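This report concerns only the one structure given below.
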Amino acid sequence: MSETHAQTVAYVRDSMLPPQPPPMRSSGAVLWLRANLFSGPVNILLTLIGLGILWLIFDTLWPWLSHSVWNAGSIRECRQIVSETYGPEANGACFAVIRARWHQFVLGFYPQEFYWRPILAFGLLFLALAPLLFGASVRARRIVLAIATVLTVLSAAMLDTGLAVLAGMTALMLAWSALIDARPGRALLASLLYPFAGVWLLWGGSLWGPVMVLAGFGVGLAVWRVAARFGMLAVAAGAAAAALWWWLVSAPLAGLLAGAVPLRLVPVTSDQFGGFVLSITIGIAGIALSLPIGIVLALARRSDMPVVKMLAVMFIEFIRGVPLIALLFVASLLLNYFLPPGTSFDIVLRVIIMVTLFSAAYVAEVIRGGLAALPRGQYEAADALGLDYWKAQRLIILPQALKISIPGIVSTFIGMFKDTTLVVFVGLFDPLKAMSDTVRASFEWKGAYWEPYFFVGAIFFVLCFGMSRYSMHLERRLKRGNR
Amino acid sequence: MQPLTAETRQADETAIDIVKLNKWYGTFHVLRDIDLHVSRGERIVIAGPSGSGKSTLIRCINRLEEHQTGKIVVDGTELTHDLKNIDKVRSEVGMVFQHFNLFPHLTILENCTLAPIWVRKIPRREAEETAMHFLEKVRIPDQARKYPGQLSGGQQQRVAIARALCMRPRIMLFDEPTSALDPEMIKEVLDTMIELAEEGMTMLCVTHEMGFAQAVAHRVIFMDQGQIVEQNTPTEFFNNPKSERTKLFLSQILGH
Amino acid sequence: AEGDTLNEVKTRGVLNCGVNTGLVGFAAPDANGNWSGFDVAFCKALAAAVLGDGEKVKYVPLTGQTRFTALSSGEVDILARNSTWTFQRDTDLKLDFIGVNYYDGQGFMVRKDQRVTSAKELNGASICIQTGTTTELNLADYFKANNMEYRPVNIDSNAEGEQQYLARACDAYTTDVSGLAATRAAFADPENHIILPEIVSKEPLGPAVRHGDNNWGDIARWTLYALVAAEEYGVTSANIDELAKSSGNPEVQRLLGATDELGTMIGLDAAWAVRAIKAGGNYGEIFAKTIGEETPIGLARGLNAQWTQGGLLYAMPFR
Amino acid sequence: MVSYPGAESPPFRLSMLIYDRRYRSLTLQAVVFILAMLAASWFINNTLQNLAALGKTLSFDFLFRRAGYDIPQQLIPYNSDDTHLRAAVVGLLNTLLVSFLGCITATILGVLAGVLRLSSNWLIARLMTVYVEIFRNIPLLLWILLILAIFSEVLPPPNAYRGDTPEAGMILFETIAPTNRYTAIPSLGMTNSPGTLTFGRIGISWAFITYAVAFVAAVLAHRLIRARAQRVQDRTGIRPVTWWISLSIYLLPLLFLTWYFGLHLVPPALRGFNFADGINLDNSFVVLWLALTLYTGAFIAEITRAGILAVSKGQSEAAFALGLRPRRTMSLVVLPQALRVIVPPLISQYLNLTKNSSLAIAVGYMDLRGTLGGTTLNQTGREMECMVLMMAVYLVLCLGISSGMNLFNSGVRLKER
Amino acid sequence: MQPLTAETRQADETAIDIVKLNKWYGTFHVLRDIDLHVSRGERIVIAGPSGSGKSTLIRCINRLEEHQTGKIVVDGTELTHDLKNIDKVRSEVGMVFQHFNLFPHLTILENCTLAPIWVRKIPRREAEETAMHFLEKVRIPDQARKYPGQLSGGQQQRVAIARALCMRPRIMLFDEPTSALDPEMIKEVLDTMIELAEEGMTMLCVTHEMGFAQAVAHRVIFMDQGQIVEQNTPTEFFNNPKSERTKLFLSQILGH
């Protein structure tokens, strides 16, 4: 074959060439500009348009922001200050309204002397979430814990919280952080206790109420453990035992215990909730409750039992086919009709139920995607090892599927959190519209349109953007695979 | 533990008994009147062209697939729709897949201890000891704390074998355990399998590794179109195939 | 059913009172979430009568759209949210209006520089109107009857209406005259806006309860009358303790539970009316404190004066 | 069921209900079904009891009573004497209108922003990222309120156009007057009107019909020309230039009809309080439309970007290696594949937009929720009936859209082994 | 068509001429002073460890990557920023990728006719005939109406070869065309390539299939760290490697 070229080709390099620096072409600011902004007529045009837009935004916003007034007692005073300082034509933001009323946007009508309670509740939330969300990197977790602790205590201190309470808060948060750092396994259990602690802090009342609810779960679990041999029957028995406990035992027992040891916080009713406390409460309750429901729905929808599947599909499609506003109106107008005569419960709770069902349907779809992404081999390997359906789901399938679905779940959560502003239409005081309207209804701040929107929008942006960045970070980490 | 009566001994000597097994996918007849008797300690290699039903047969034995007619008795337990029987059979039969199917979210050790702990209800400590024992056997004890994604294909397949062994099965099924591996890794896995064979484990193995078949199999079964076309000892099978199809097949796989 | 609501309220220990989401003077929360206003005062009086404490009220803010359902579904025990008493609401919506606490009428507010002096000149105008209210229907009827056209600008709450009107997104703002006055009072330049003379509808505003529980209706109705009667007989929150002991007027004695125990007939105790009046004063005091001429709202008593003063307020006899 | 020769079934025992795979699934399903039915009947029973206690019955009669309220924007004739049903239909049409227009503009904006986000122009790419992030992370309600505030606070009232030296001037050659109530745009007038075709109270101008016919004919002709061009290309390899023929097919009849009917624009003019003659697009509508467009556009931009990125680099490299130019590579190789990735999430954005249009409540736009679920509900007190009806309509709408998506999906799914 | 002057003959006999080619990715120097002259009809196999720049070199030849210094002349056309030149070169050079990169939304036939129709402006009928001709050559004419997703890997790679051939290129580049394939399928593809080679096509092929190299290559080029370390005839290269690196490399790939 190779006779024609044989003589010419033999070649051996005797010394390897060292790498050279690249020729001076790919660096320098001018070159960068040329390459990234002015690389052709279309690009030049686009750049000019972009600059124009930037200028437009700057030109409208900057004078307003730079002429802002932070110290004033009313909007009229604000305007006066602006026109005195910057001339009669000047237009300035009156952030004094935020300064005067920011606590109302954030904490609603929560009693002033108890401001530390919601703050502590949300601070603890980060401690509860840390082992779940930031478990992968010890450093990230420590940073989050430290920031959460410091911020919580700081903001509580700024709100005139008593020294004793402050010390208690600090001690609690430090102890919990230490637990997370030393015994991550235990910390996960502590995270499970969080919902009860959060509810107690926010609504107050006797500690025994939440404790009894928690005990119900314990009872159910114990019965299930004891009866575990009987498979599915054990689950039913556990559920029944828990239900009996809640129904019959818990209320009297709680009363009894409260009589003996009255661990009580002053109760705060839901109508005092408003602003971001309300949004965040609804949002977090919604996601925490919708996750398990979503998982069950997703499993049901992938089930090979037609009846179960059909019910799940009907539920999911119904919820997804109806606007959230309609569901909120159902919560406010109709839910009482569906319950036995005479029952009437808190509108916040009803809204939470609806929001939960709503996001459960979306979460279910996300998790279904995660389940579908798992290779069949995983199911088969679990089967071949003799794991039954629930064990296989719990140990093999769900951990993987949930991991894949986290980004989707987070974006569902972001959507839901944004949607909590819609509760204004059923008469709750959301931070956006209801609170702004309330603030504007007062004589001092009538006419302050832009500032509240600006403030509330900025908070929403920070929270949602933070969450979406976090989920992108997760996505990247997941793409890299298992370490 | 029971005294060996005639009957139990009979059952004891038979590992798998398949009688007139038929299976359809929809209307497609994949397995046709399969009769197969495997004694305890016997090692069988199943070969055949793609689509001939080898995997399906293997998967029927631990009920990853349901059969429609005929009878499969594994270790004295007949496979019916009864869940208890299925569970019993599955915990007696270990299976190694072509694509390993390790659980990527668990470490190697956890992969190996999962089923013993949750199915056999063995204490964790004990399960881990067993797992380390088998990991040593497949010569990767040092990888126990890693995740599957960090191992090479050959190592992963050896973990898969160890995982199956941890359930202390009486029968091992292999479905083309080496065909997804790079050539260098094939040898590692085959070595492990040969060692297992030497310990007297009952094995059914779908493979085209003829060297392996020659070395360890008691019997080679050749399947085509859902039927057993020929079976024989390895030497006879390779050197002296009877049926035309077998000859054709052998010429293809040995040719390349 | 009969007697249920009273028992429920008593066991609950809190009166659920449906109020406006924010209408200064009638019902609005302040910076700390404390509610005050004309309607709120009635809630307080009722709570004082029933529960003995005017502060035991949970205010349920209701939009124009959710108010009646909230009442029928049992979310609130009483609706004190400037709602007009109409035939259809009383019958078809299964509500019971227990009386009128404010006689109102629908009017129009325009800015002076438009040089409009009569609603008849509003042909073709854009008019801000709150959806889900009777004003919406009255407006349609009025313009139809006068063969005029208009462009409705629908708004969801009074706050939004104010904003739209001030931004001149509508030429006129229509709602009950009291509401217009309250709104105008809050403007930076009230003098530049006028309320047109035409009153296009009768708007008797009053608290409402559910159909079917007549006893609860009675309690609410007579609490209202107690406030009105107290004014008529000169009973005020200042002199009430004294009068309860020493009034010579038998009607006052009955009212204040000194002689006949009227309260027990409606399932309360003798001092119910005393508590109700003490909670915020009599009708006149409440009016003066929340929406009267001394307040920024600056409403005259007008139709809402006692019948003895040429108004329409007329409490049924306590006997 | 297929029956298999020789398949025998063992005798039935009770324990098989739990331990036999086949029966176990049946048992479970029966249990679930019974539980579901029990729950449903419990709810229904409660509802009936509660309604009875209030003396209400379920009845849809109210739909045929006089509505009594006016609706600012109506696509079919409506006045306050019409029934609630007609009001609901007017509301539904308003929902459909804003959703439909919103979907179109959001798609245009979103695709543009998504493509520009991938642009090599650093500034534009950053700007688009900022746009997407800002709109995705702030509630839609805020955008609606903000845009509404901008419209009502910044734009001039109609009054400002009055007088010899008006404070505000119409834009685009004195034809469009944006005000803080509505945007007044010209309407169409005809000097030579061919009359209208009426169905009951809905009239359609013959001129419109003629235009529609001309347009459809042009589309058909255009298709024919394209097919012919394709045939020529198939035969000779060279595609004839046809754009000018197509253009004239569209334009010439249009111009002719316009001349024939004497079609012209009637600019809005200020009469009394408001502009008349032209068409006034209510701000409630424009604001909602704009907000939905901007908000959904941000999501669509992300979808577009992801779709384009999903087409592997190998595909365009292969096309380049074959000598295809970038533009052709885009249209022949990348876009057809990206579309398959883009369309399903795009449709679910359309669904979201349709559902989000119910936020019309914040601007007082009378959509389905504003009429049937708002004023009608309030005037009649029929909350149960109104809500059920309203949710049913939304459900039908959404299921319709998503079954359309499924059809598309199964149509374009890549063929696999 | 032109009379062969000395110059054009020169160009005509040179398929590719690469002089002092240097390329950087950022600051990373991937290709260092590459000199390579390929005559018409010559068949060259490029080997080397992973990351040595083989793919980059191949991809520079049809300008899928831009080079920074040095000169590449393909079939008489120098690759500069001039778009016309690039188009010209690309339509003269066919490329087959490791992962086939067939267009999944087009049928096999459409894959093969797309470029001829849109780039070469050949009538569809004619393009289809050519396509069928080459599909027959790679022995899958019966799959013409299927979609890529429906074919096996080996079949897909053969389609990729046919697709490149449909442009009637003078030079074919192959970048590890068989390394993503299962062992059985490698042979199909190699057979097709050998056939091509026999027809005298100029070929540059990155591959580690030593059997193939021995059978068809005129020259084997060994690259490491972006440089050509050794080149020689296949026989010499395999039996008598000169440089240490080559020896090491050969011992690795032949060892397994």
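To keep things simple, chains are lettered A, B, C, D and E as they appear, and every chain counts its residues starting from 1.
Everything that follows uses one rule, which is that a contact is a pair of C-beta atoms (placed from the backbone, for glycine too) under 8 Å apart; a residue touches a chain by one contact, two chains touch by 3 or more.
Just so we're on the same page, UniProt names per chain: A, D = Amino acid ABC transporter permease; B, E = ABC transporter ATP-binding protein.
Here the structure is a predicted model, which means the values were calculated and not measured.
Novice: Mind listing the chains that sit against chain A and also against chain C?
Specialist: Shared contacts of chain A and chain C: D.
Novice: Going by CA means, which chain is nearest the middle of everything shown?
Specialist: Ranked by how close its C-alpha centre lies to the overall one, first comes A.
Novice: Of all the other chains, whose mean CA position lies farthest from chain C?
Specialist: Chain E.
Novice: On C-alpha atoms only, rotate chain B onto chain E and read off the angle in steps of 5 degrees.
Specialist: Fitting chain B to chain E on C-alpha atoms yields 165 degrees.
Novice: Quick check: more C-beta contact pairs in B-D or A-B?
Specialist: Counting C-beta pairs in contact for B-D and A-B gives the edge to A-B.
Novice: If you average the CA atoms of chain D and of chain E, how many Å lie between those two points?
Specialist: 50
Novice: Hey, how far is the Cα centre of chain B from the one of chain C, in Å?
Specialist: Comparing mean C-alpha positions, chain C is 83 Å from chain B.
Novice: Could you give the separation in Å between the centres of chain C and chain D, each centre being the mean of its C-alpha atoms?
Specialist: The mean C-alpha positions of chain C and chain D differ by 43 Å.
Novice: Multi-chain contacts only, two chains or more: what residues does chain A have there?
Specialist: Touching at least two other chains: 329, 333-334, 336-337, 425, 449.
Novice: So which bits of chain D are touching at least two other chains?
Specialist: Only 50, 53, 149, 153, 361-362, 383 qualify.
Novice: Going by the contact rule already set, what residues in chain C reach two or more other chains?
Specialist: 69, 73, 160, 163
Novice: Spell out the residues on chain C that touch chain D in their complex, using ranges where they run on.
Specialist: Per the stated touch rule, the residues are 1, 64-65, 68-69, 72-73, 88-89, 92-94, 114, 122-126, 131-133, 136-137, 139-141, 144, 150-156, 160, 163-164, 167-171, 210-212.
Novice: Could you please specify the touching residues of chain C with respect to chain A in the complex?
Specialist: It comes out as residues 4, 8, 21-22, 24, 28-33, 58-63, 66, 69-70, 73-75, 157, 159-160, 162-163, 166, 186-188, 296.
Novice: Considering the complex alone, what residue numbers of chain A touch chain E?
Specialist: Per the stated touch rule, the residues are 1-2, 4-6, 9-13, 16-17, 19-23, 25-26.
Novice: Considering only the defined contacts, which chain D positions touch chain E in the complex?
Specialist: Chain D reaches chain E through residues 233-238, 312, 314-315, 317-325, 328, 332-333, 336-337, 340, 414-417.
Novice: Using the touch rule from the top, collect the residues of chain E that touch chain A in their complex.
Specialist: It is residues 22, 24, 26-29, 32-33, 39, 42, 68-69, 215-219, 224-236, 242-243 of chain E that touch chain A.
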